[in-house]
């Protein structure tokens, strides 16, 4: 997986373009972000009115914000939304008042452990107003009155999400989902948006066995809304990935689907396993990002979550330190390559039947085995022997890769060559074997 | 599991009261011990006549003893039953003779490794007489004649055991069994008797889903006799524990049932696992205490064995050093608390079905989730998410506790709260799912 | 497993007798070797004509060689077949020419890593001529012309293999296979031939439940040819071992069959596991010796491969250093003892049903348990308890040995004693339970 600077730079550039926008679970920030994505891929922008029922939930009011500040007695903005949109409590109700420091402090959020960072806080499901400030800002406030303004609106409107379906040879789908509800936070989750968008661009230009559905949705309520509106789609989703925190240089982490050993779980574990780098595969946990909804018991979809550093476990998480320096072109591109390799496994995984079940076929005669004996065996020869030995109709190529410890791509390339020589017959229905 | 001195002291006091009595597999010692237990719980005392067939075995003769000694030529008791009932070979035939040292020594048992301890020896199934002495006693004997007396009787009578059934909401039973055939040995097994008796006292005062059957029985022949007389009961025994060596301060050990992963095995492993203390869970072995009989292949009951130090593995085992100092109030009470926690798992283990299988329900709206986002998640919220995610009718609360790594009590408490909010429906028949 | 010098010496002596012969996949070398084996066991020598179809393969031409050398300008043999038959590229086409050094070097094979060793090379499936030389020989050649002679012939003839069937009580067979196609190489595989021959001699003199089939065959094409000619036999093969590299003093290695946990795999793992010596059990790999063919997917026989040092992993492999000093009488005899112990497991593995499923039977009454209680338990008593506890018709004696960790022989001996006392009933069909 060579890292070509051009791709990584373009991915980082998309992150940078989206960074300044103040997104939330509803509102113009999401809309504006999705319009930028439409410049990269054929994205449908869907609007779902506030008040729409979505399973146990209701699509909330639309939130928009124009300005927000705390001014001191001299009229100076000591906290300014235009300096960072993290300064406003996300989804904050409007306010326009003069308050004493004591009252103001009840509405300020800071992180004493990182005195220079602005924390990111939300209040989606309880009406509140507030500001997030650095610990230093908090400590510099004098015991005087302050003018606070949050020029926001919360009212009927809609929830906005983006959806892009790339049809393939079969209707069976691979789902790639990322959240678009975070404001100026780069790794969580502009990185996921950028990797998903660039993966879609790649797939757009390639032949595809599977159909691919990309979702750019507000976290939780967006996934729930999409699932409620698309229950007919769900049965076609055979594999899926939630992408989050895939832009920092940390090691890869993969959280398995609720099923635990679905083909997507095995494909990601294999791809990470054959890379020469530390990584970790974790068990499913019903807490995290939208895999929580896709893996709710009624759906139980084969959707895992790919990360580099794990949300909540790196200090910069949900703070102003999760910025454009925290994500790198190389890390973004590596994540894209891992996703592509996973897609390659899904696309090329097949089950074959050998035409020579009794003893090995004579590979040498067909030029499929090097002919001077006595030394070692090459990886290609070994791959061929493994493929033929397990070509009993009960083992997929991913099974072969796992059992042999050889890279899937090597297995798949050699299986094609053996099939070209008439030594393997592809079994039908290999995409729907798992349920 | 806080240790309240009062309970531990009462448990140790019961051990002390039972300690001086000379018990064996039959005889007045057991009878007298069971009468003391009747002061604590509603115990039936059952007498089974000698000669009664019990599967492949026959109820043996009743053994009683009044006195035993070895007197030297001066008439001094150099070995005296009244100093310790361990001095007589348990189940010894009567003898009243003058013997030379050489012959006497053939009937003396000592432990050179612990020269101050009297070993405990039995001869149930082969007629013999003998004395158990300290190595020091043995070495102090002069080459002269001795007067030996064992004023015992072996004859028709009965085998005696105690049984206490506490009926519950359902007829399905939890069996708690301990042996009562050892003389002055505190950990093996007055500790088991005391823990069982106090557990019964607790259960007597509580509402019970299961029925609980407590057996206080002579080892091996007592269990076999009970099983032979109660074959109709056996099908109702869903879970069981043999309690032995639960009074010393050693780490807990649990021996799995023959089934290996029955609900009782999982419940004990979970309870020990969430305690902050070293412990060991061992595989089944067809040697030990009466789990051997309960786990014989025709019964194959889900009965494991709870211990602190493992019989045969601590030096004091089967010697006069297994005395009232070796067992402590704190250790006894801790064992009772572990048993109570296991009972709590069995009582409260249920299978639920979520009323919201598609996506998570909106917990925040119901006050079941803290509402200011951005930070970590509490254990209660996490417990609720796990319960809901696995509430597909195929996972019990114990499954949830095991998979989440959260304490069963936290899971059960939160499941009740979710059910109270209409988010879970209890599945029927959860007590009989395993067979 | 005591090592008796006499057997080991006889085994090494057979290796020595076979060592000088120049074998290949066809030709007189194999024929001459098999005739020597006929002095030890009732061996059928089978000839299969060149050109015979065997699945995807064709029986190749017969190769014979009388002489080969490279002579320098003075007429001195600088490379001489009579010094070592490894000097000629095995299966080399004939040649009789004068060549310049440059051309000669294209036909010379050496091993720079071991400058004193002659490597072993073959060219079965591509016509070529060549010599194998030490690195020192190679470097000593001057830039002059050389006379090269390989007085070999390649033409219609036959492939030769040896087969010995020792009928047993049942038609179910145990297959023991080794290759006979290597020239002067002691561990690979004269050791296998010697162990197989001596195992056959032992079995010939013993009562046998199973029938035993020994194959002495050229590698790959020999196994394929035998399988093609004996497809009716295959269904009777219940267990099998390929023996290779079993004469050096290295630790034992066992490669599992493709099934992974067949009875042969478990038997070998058990036998190696209870020996007090390091060893390794490896997963199946479709590369190696003739287990590749026996484990091809259409056959999928329960055939594993027993080795001491693993072919390809010891420096002497496929070189003149794999000589009569590299294999030792003690190592050969130990390998024979391991094979005998494996055969003992296969022969004596049975499934029993207890006649006392409810509670333990009274062993003491029958003299099957020591009668003075209070101390430890002997291995024999423990074995009896395990056997009885698992005698539910669902556990074989090998299951009992594995679960108890006790040696199979102890389990089998005690099972027989219990059966003699009427406590166990042998279940029918225990040889065909696995498929």
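The letters A, B and C name the chains in turn, as written, and every chain counts its residues from 1.
Quick note on the criterion: a contact is a pair of C-beta atoms (placed from the backbone, for glycine too) under 8 Å apart; a residue touches a chain by one contact, two chains touch by 3 or more.
The model shown is predicted, which means the values in this text are computed figures rather than measured ones.
To overlay chain A on chain B by their CA atoms, one rotates by 120 degrees, a value rounded to a multiple of 5. At the interface between chain B and chain C, under half of the residue numbers appear on both sides, which makes the contact a different-residue one.
Look at where the CA atoms of chain B average out and do the same for chain C: the two points lie 53 Å apart. Counting only residues that touch two or more partner chains, chain B has none. Across the complex, chain B meets chain C through its residues 54-57, 109, 119-126, 128, 220, 223-224, 227-228, 231, 258, 286-287, 292-293, 295-300, 312, 318. The touching residues of chain C, counted against chain B in their complex, run 354, 356-362, 364-365, 371-377, 382, 385-386, 388-392.
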